[in-house]
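What follows is one structure encoded as structure tokens, with my remarks underneath.
Chain lettering (A, B, C and D) follows the sequence in which the chains are written, and residue indices restart at 1 in each chain.
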């Protein structure tokens, strides 16, 4: 215990040293004033002291856990709360019901602002689910995911401003364009190993933004495309309130649709191949899985969702410009996937809602948002790489009826 | 009816260079139906590299790899991607076990069925009758294979949680799921205790006899090799130094020298 | 011809800054196969510390050269401390984790450090004092190469020579090379691998900090975001030269710097970044091992 | 039993959702202030916010407008379009009668449609993008600053006529604002026919250095540089031009005319020209506004303070003249009634631009921007 204290004090001192120039000193070279913020030093010391104790405790727990799962062959002995809720129908059903009711009445009882925010959050839910396929299932770290989102948004913006094509026609086109770009960009980088892939996709994301910025004839450059119509409903003339409510329901359907499709794919030949690819590329190929097709499939399918909601994003904002498609957005979606648990659908939904809504409602928190994202990514990787809600292990049942028929 | 022996795999003068280093030097080898053939040699002799060349992980510098699938025409498979080699009908295991750790045991085997099923992305989304049937078949077949290697009770366990010997057997089941006519096993007995080795010995023979799958294996365990294989090839420093029946090999002076020179690896 | 010379000079200056950062990437990658995404932030922090130190020293009446030396020294010390801590917190616990985990952790660390500086200091650009004096003897060719540029070129050359000597002839250098060859083997023959990895981060960070100080006084302004792009570019340079290969990183950085400069000069500076990333993509596709790297077969 | 539990849960859920909804009370006049209040562009939004809050406090202390108190609702948009739509919908849902904002042109475009549908007038202190007024797509938009094309024209004429430059290099930062300014400058130079544009090029903000571009300017033999963009890139360019011993005039837009540029460029800033809203500090209204600000906040007012102050003044005047917050009446009042503001005596033209405001050219002399008469 005493030793523990001593170590924490040392850590605190180290961090006081480390943060001293940046946290305590602030110079104004113009007026030649130095501001000494000694209080910050106190906070750093206290914070580092406490955190180092927590850190060590968490590390001990982590090591315990990993050695446990090595020795006993069942690590389901202590399922997390999330998993328990998901697996126990007694809790699961009413929770689902309440959620459904809240979801349905939400835009009717809150004001348009909250509904509008919720639409944005739902857009990020779909983005998270889409990236979850590429990163979580297939293990292809994509740092330029936002490029496909931009493809969708600009597809609608361009189709609409040049040829007056409407939302509903643009929606599938946006998705397909996303997928197409996914394949086009995926082809050259098939052979790249994980971390190279990450950097190249980061490059693609930046290139996409620069091209949009510079190619004025098509993308209208930095000026952006304005006056994009909101989603229509049989040519009905809607006020902004009803349009927002309508977009909200549309997004709810979209999320359900995404979950449905993703789930089906996850539990299929394709989904299993994606997971195998993530686990061990060489073994996967040696077992007869066509790497190129599988990778491209994962890439394109993830991109498809980004393209699809890109269209909705453009319709919701009615205005798009390149500034909405920066690396920060890619990082945001990635932290949603990481926080939610790679491969887990419920986890990703919760993470998206938390990460998007929290800064909106806790304005004071907004400033610290990116700081928190960064910390969350590090801490999750170290202490809970499986995410808040781990991917539930699927059990397959054999149908007794068909057993004979198959062996014949 | 006695089976007529028919060539399955025919390797002629296979050579593999890495930069200036010749890892495999003009090695020839044949495997026919119903055979268990072993490839032995001291560490670093180039056995695994040979395997990798045959299964498409490396593209050999020189030589021919010919496959004669039963009831199909002969193919030269140099430079084929590993998945195509597997689809033709040659499946392998790995020296340092390469399972899909965070997938269940059953799912590991189901991956082996990938190349024998056809569901596409659209098919998986629609989940039509044929998709469902395929899926069910995959599950059934995989359970059957798990039964054969004695892992059916671990079906829903994560692969990483299996004991070592079971992991090796799971790799064999996974390879068998691809419906091969030839199974390439890379040191299947490595790290096993004598009982496990014996069980493996029986399993390999059973696979040959009841599943009609020919086997080519790399192995260090001399007892296992001598017990079960019909023919043995010996490699040293990338070259083939001997071949023949276990009897021939046991008495071959070059082989003895090679092994003694290496402090009796077996 | 003079134009070409001018562009070459700009390219070399930019390239040598990239090189100082790229060396950190390449050394770390060589040893633990990790893209230390947060390395660019260490460079940024180095520049900030130098700015703060020189600000304080100016106010307390120090002058000229002593400020430059002290600021650079303290910046290097702090960058080393940050690099060391970074490795200990964000990467060491993930030594045996799947490949993507440390990379995601690194991206997280990069975001964290950027915003830490933003919150602790300011989101605005800060004026960086020009610590490098104007030499009279450079005046005749100042329009091609100024004093600051000369200092950058000379300093990075010296630094790189020092690094080569360090790696070739010192104990720690030998240990680093051994670890890079085969970590398990190095451990078996008694190399303290953890220390070697820490030292690699420390050395890389010092180099990055030197780059930060040089850039700061050359450009005259810094903010919390300068590390991101510089980091990505330097990484590109490292890949270009063959990641894990130290002379390769230097060569790749110079090539990238020159390429960017020519692209801006002869094509358009609006597409400068597209060009840099295009080079990266092409290299990875056509020659993944880089200019000087050797093709490594994956063990099966 | 279980059903009632569910019912309770639902009720609780519903209640918790209903609570944050704000009621519509009509006894105050609600004025929204939208702009960047956090983030790196906050220095452009905060002064307006403080100006509006200051006026509101004064007016309220004196009994309000038309007997009603003014309620100010600040809303941050970080200059991002998607956040601006959030901010706009929130303001609409809170029932604002009029908005002062937004600050950035992009964010303004995104938000205006929402205000228009809700019949709310927006007066921006700083959105200088010409189509905002000229396209006719935003009938509810007004601004107390002159549009960019005026500025581009001024810069072009200044360089070609006053400075007598024959070969002009135009550099921009590829952004909406910077590129827009650069485009207009190019257009007017070419229309003027006195000078030639020898280089028109975008630079990448955040690039390590601009020395290649600087060399290019020299190669093209330009005798003046017009730059469209903000102060960080401008200071980097100016510094590198000095380093490369290139001594030709450098003209920027109002995005560089501020303390930020002076601070960062330091000695290199000396002699640089910038266009910007006319110096109105000699006006009595302006003097009072600035004095009040210094008294209240203890610092000098920042960018767009005058315009923000003027926007609020004209808004209040319009409400007084219209006798309420009816859209049509406000529109008529804004377009017909002159008001004495911190940027001069103004009213708005048909399109929503202020008559009576304009730009002049400034030059850095002795570390300060001085208006050139």
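By our rule, a contact is a pair of C-beta atoms (placed from the backbone, for glycine too) under 8 Å apart; a residue touches a chain by one contact, two chains touch by 3 or more.
This is a predicted model, so every value here is computed, not measured.
K.L.:
Which chain pair is joined by more contacting C-beta pairs, A-D or A-C?
P.N.:
More C-beta contacts join the chains of A-C.
K.L.:
Among all other chains, pick the one whose mean CA position is farthest from the mean CA position of subunit D.
P.N.:
B
K.L.:
Need the CA-centroid distance for the pair subunit A / subunit C, whole Å please.
P.N.:
Chain centres of subunit A and subunit C, defined by C-alpha means, are spaced 30 Å apart.
K.L.:
Could you tell me the distance, in whole angstrom, between the mean C-alpha positions of subunit A and subunit D?
P.N.:
Centre-to-centre distance between subunit A and subunit D: 34 Å.
K.L.:
Compute the distance, rounded to whole Å, between the mean C-alpha positions of subunit B and subunit C.
P.N.:
Centres of subunit B and subunit C (C-alpha means) sit 47 Å apart.
K.L.:
Please tell me the distance, in whole Å, between the geometric centres of subunit B and subunit D computed from their C-alpha atoms.
P.N.:
Taking the average C-alpha coordinate of subunit B and of subunit D, the gap between them is 72 Å.
K.L.:
By the touch rule stated above, which residues of subunit A touch at least two different other chains?
P.N.:
Within subunit A, the residues that touch at least two other chains are 30, 210, 214, 282, 367.
K.L.:
Which positions in subunit D are in touch with at least two other chains?
P.N.:
174, 202, 204, 263
K.L.:
Return the residues of subunit B touching two or more other chains; collapse runs of consecutive numbers into ranges.
P.N.:
As it turns out, subunit B has residues touching two or more other chains at 57, 94.
K.L.:
Would you tell me which residues of subunit A are touching subunit B in their complex?
P.N.:
Residues in contact with subunit B: 69, 73-75, 261, 264-265, 268-273, 275-276, 279-280, 282-291, 297, 301, 393-399, 402-403, 406-407.
K.L.:
Any idea which subunit C residues touch subunit D in the complex?
P.N.:
Residue positions touching the partner: 3, 6-7, 9-11, 13-14, 17, 123-127, 142-143, 146, 148, 215, 218-221, 223, 225-226, 229-230, 233, 260-261, 264-265, 268-270, 272-273.
K.L.:
Within their complex, state which residues of subunit C touch subunit A.
P.N.:
33-35, 45, 48-49, 51-53, 55-56, 58-59, 74, 78, 81-82, 85, 89-90, 93-94, 97-105, 107-117, 119-121, 126-127, 129, 228, 232, 235-236, 239, 270-271, 273-274, 277-278, 280-281, 284-285, 288, 298, 300
K.L.:
Would you tell me which residues of subunit D are touching subunit A in their complex?
P.N.:
Residues 2, 5-6, 9-10, 13-14, 17-18, 20-22, 38, 76, 80-82, 85-86, 89-90, 92-94, 106, 109-110, 113-114, 117-118, 129, 137, 174-176, 179-180, 202, 204, 263 of subunit D touch subunit A in their complex.
K.L.:
Which part of subunit A faces subunit C closely enough to touch in the complex?
P.N.:
Against subunit C, the touching part of subunit A is residues 14, 17-19, 21-23, 25-30, 32-34, 40, 59, 62, 135, 139, 141, 143, 188-189, 191-192, 194-196, 198-200, 202-204, 206-207, 210-211, 214, 282, 327, 331, 334-335, 338, 367-368, 370-371, 373-378, 381-382, 385.
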